[in-house]
Amino acid sequence: MRDIAVVAFSQSACVADIGAVNEVELIMPQLQAVYAQVGLSSAQDVDFVCSGSCDYLQGAAFAFVAGVDALGAVPPLKESHVEMDAAWALYEAVLKIRTGHADSALLYGFGKSSPGELPAVLSQRLDPYYLAPLWLDTVSLAALQARMLLDSGSITESDMAAVVSRSRQNAQANPLAQLAGDIGVAALLQDDYLLAPLRRGDCAPVSDGAAAMIIATVEQARRWGVPYARLTGIDQRIESHNPCMRDLTDSVSTRQAAAAAGVHEAALDVAEIYAPFSHQEIILTRALGLDEAIAVNPSGGVLAGNLMMASGLARVGEVFQRIVNGDARRGVAHATSGPCLQHNLVAVLEGA
Amino acid sequence: MSTARPDVTGIEAPVYLHYHFTAGTAPARFLVRLREGLLSGQRCPRCAKVYIPARGSCPACGVPTTEEVLLPDRGTVQSFTIVHIPIPGNPIEPPYVVANIVLDGANISFIHLLSDCVNEAVRIGQRVEAVWRPPEEWDYAMDNIRHFRPLDEPDVPVERIGTLPVSGPAVPR
Amino acid sequence: MAITEKLSQEFELGFTYTRSTGPVVGRFLTGLRDGRVLGIRGSDGRVLVPPPEYDPVTAEALSDWVEVGQEGTVVSWCWVSEPRASHPLQQPFAWVMVRLDGADVPMIHCLQAPSAEAVSTGARVRVTWVAEPRGHITDIRCFVPVPGGVS
Amino acid sequence: MAEWAAVVGIGQTRYKTRRSDVSIAGLLREAVDRALADAGVGFDDIDAVVIGKAPDMFEGVIMPESYLADALGASGKPMLRVHTAGSVGGSTAIVAASHVQSGTFKRVLTVTYEKQSESNAMWALSTPQPFSVHLNAGAGGYFAPIIREYIRRANAPEGVGIRVAVKDRRHGARNPLAHLQLPDITEQEVRDSMMLWDPLRFLEACPSSDGACAMVIAAADSISGNKPPAWIRGVAMRSEPTMYAGRDEVSPQAGRDCATDVYAQAGITDPRRDFDCAEVYVPFSWYEPMWLENLGFASPGEGWKLTLDGATSLDDGGDIPWNCSGGVLSSNPIGASGMIRFAEAARQVRGDAGAHQVENARLALGHAYGGGAQFFSMWVVGADKN
């Protein structure tokens, strides 16, 4: 199979409400940034474009169609779209490059979540006969999951607060983060419950924003003469929809994807995990088999800012940047989708 | 007992979601100008084409657009249809003409109503002008222009539609 | 040129969808309307409530029906201090995962309780019904604690 | 470089206004079970699942791959959800094919659907957003002016659209799965049907259907089933903006480029001669002559002559029958409509199209488009690899 490289990444700052910015205005600065990193003039200089978004975030059908206006698609482009996080657009693009139909690809994900009430919106993602009519929301489902972990004795509320504390600390070095600061476990545990046993800090904030990435074959990356990280493995697996059918204290599909992506074929030094809730970071760290020597979410992760539909792609981008900057040699990136970690993607990146 | 009732085969699922929508920068600028009785487009810095309403980018070039171009409220019918069925959320009584209109100085058409005309006589290349509501009714809305109506001018040859220069001053109506 | 006026407005994206249920979901909802809770046996022998149409492991269509009890045990719960207008209960309540007696997999619904302190994992709860069931998941009005019940 | 991939299983539901006897999952499973049986495989033999549909607002189930994972036997497997507007059925098939062509998977299940009866397409396609800068005149309000411009440009006579409307419904009457069954439809009936968006009449527009279409796509070393495979000889997608200055809306460049690309892969130099038949996305009657030109089956301005000559009619013994299944004009479960074109093209080259089979079909085109006629996906399938 063809060796694939990540060559450019950019994401917007995570902000709670970006206000008077439409899809095109949200996406375009990130596209311009990744073109500049590679020295390209436009999307015409790559072979394939794929994006991820969700119409319901802002309540309009065909949100992605407007996104095409950011591309300069004249002459027309080879272009596709997933109604998923853009990490899955990356997955589609990797397959496309492996077929030989493309040597390079531009990926982007965008979401303006602020207009709607995200938990209520995502409640309508559930089974339309048994769960969606109850308007059971994603935060509540995560809270049920957290309770199971607490009851099983495998974590404590202090462990959850420690995840949040480290996220905030790490985010102090991330100018794009929405939430950052020096806050300890004890202080976090003083907060009231948002949805017991979850406190507000245990839940990712809702952010508006976009992210973009360029990947290519290693040969193309060398021709471009830009620093790159090799994408040595990528896999994604889904599980049963009904959270009650799964062992919520584990993430089986993450284990499957990690094994298939070759996470443990060599040592790791960084991991960026898409864990929208603090206890999920613990589940995922365990499912990915990460030991304490590995820096988990040095960016602060999504607890410090959560670009819906782009956060998964952004995890890959964070690992890419650390490898290219020389801060890490081999890292794992993770993306999730669906209630209580139903669907998980794992990617492994290594230095050139 | 209720066992005699027929089995359940369906449910109603009311899905009502509330949003707080904010218009993007470029559409907002267009609407603010519209409230002043002005038609505002944007010129692409790369290909120099003028878009109205603009979305903030030149869709052909993929670059941001910021230069404002005020356009007159006269234009040309690029194409049209006579609508015979009611459209949800649209109160107009059929049949009525919906036309793709290119304003003078613009390089792109938009859809609007064409009235004060004989439907059967509407044609591609026909010259039209805006009929505005009274200023006190103006809002951030396209229907500040009630409709377009024919102008007594010669038709524009088809190959020139969408390439005409600005025909006159853009002044608040 | 710098027109920076921010235009914002509320709007509702709403539609009442008409869903046909198919035989499995329909039979379960018919059961609810008639005051019964039905489960279905999966390929591994577990009794699943509410019944999935297709086996979560093998994806085969399922049809081995089992009626289960209307009391069960809380497997997990969380406390909703600020219900939404769309929620089944309008005073603070708990979402609960309840394994009904005779079922092997829990189901999720709401639990009416005076406060979070009154809810616990392992507590015994039972189904209460709405006054006029119509064949809908909300025919179960909610669960309520079984007095003195601890498993 | 791409690995060979072939369609080895096809399954479709009967298309109807309202499938009130099944759930959403049940609708998909009907097509999926038939595709698996056709391929002679079970869920255990499937390595990955690719699902596509048009906007989630049609059923009000957000990102429905979550809920449908169990019904599609996807547990423990990769799953992808494609959405490229009306072309989604075609692009989903292409994305599924890339799973195999990339050498990553041996056997992939792909499915698309629409359960349109759960809501109202007109509503879902024109949801009320504040500060809309465009007048809403419905899908016909968008496409009818483009058709009018075609008629002017090609100097086409008025009855061409009527001819297509009759032809595709007569084709559809040969296909027991088709939604509209109108074997005795006449041109007069079409002419007398209500004018919707002049020049489009009611009977010149597609119906609104419930339905699903599924396929199993396999690698060359994993061919199964009792029927011959349909080899995927070429795939292509192209997108352009909804509106840009100088855009040719009548014959979009994205469509022309997409056809050029897919023909080059399949070694096609003269589509009218080289293809035995084509399944082309024609939701409004006039799009047949428009696409005949856009796809290079006829010179610019000449497409309507093929239609009037009966070249595209199976009943008239035309040399290049289009939409023998009845096409979108006979069945339109929007999210699936593109995949139905791709699957029907494959049925033809497998010799498995029943009463609408084109005799000895060896090479066929599947085509889909969406958005403001701006998203295109196409594939070429053959009875032989080359």
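Chains: A, B, C and D, in written order; residue numbering restarts at 1 for each.
Note that in this section contacts are C-beta pairs under 8 Å (C-beta built on N, C-alpha and C of every residue); 3 or more make two chains touch, one makes a residue touch a chain.
Since this is a predicted model, take the numbers as computed values, not measurements.
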Chain located farthest away, centre of chain B as origin (C-alpha): C
For chain C paired with chain D, centre-to-centre distance based on mean C-alpha positions, whole Å: 39
Rounded Å distance, chain A centre to chain B centre (Cα mean): 38
Where chain B and chain C are represented by their mean Cα positions, the distance between them in whole Å: 47
Mean-CA-position distance for chain D and chain B (Å): 31
In chain B, residues with contacts to at least two other chains: 9-11, 13, 15, 17-23, 25, 27-28, 31, 58-60, 140
Residue numbers of chain C (touch at least two other chains): 4, 6-7, 9-11, 13, 15, 17-21, 25, 29, 52, 56, 86, 136
Residues of chain D whose C-beta touches two or more other chains: 20-21, 23-24, 57, 59-60, 70, 75, 118, 120, 123-124, 127-131, 241-242, 244
Topology of the chain contact graph, where touching chains are joined (line, ring, star, complete, other): complete
Touching residues on chain A, where the partner in the complex is chain D: 1, 49, 54-56, 59-62, 64-65, 68-69, 71, 73-84, 88, 91-92, 94-96, 98-101, 121-122, 124-129, 132, 235-242, 252-253, 256, 337-339, 342-343
Partner chain A, residues of chain D touching it in the complex: 1-3, 23-24, 55-57, 59-70, 74-85, 91, 95, 98-99, 101-104, 124-125, 127, 129, 235-242, 244, 247, 252-254, 257-258, 371, 374-376
Chain C - residues contacting chain D, complex: 7, 9-11, 13, 15, 17-25, 52-59, 61
Touching residues on chain D, where the partner in the complex is chain B: 20-21, 60, 118, 120, 122-123, 126, 128-138, 140-142, 144-146, 148-149, 152, 194-200, 241-246
Chain B to chain A touching residues, read off their complex: 11, 13, 15, 17-28, 55-64
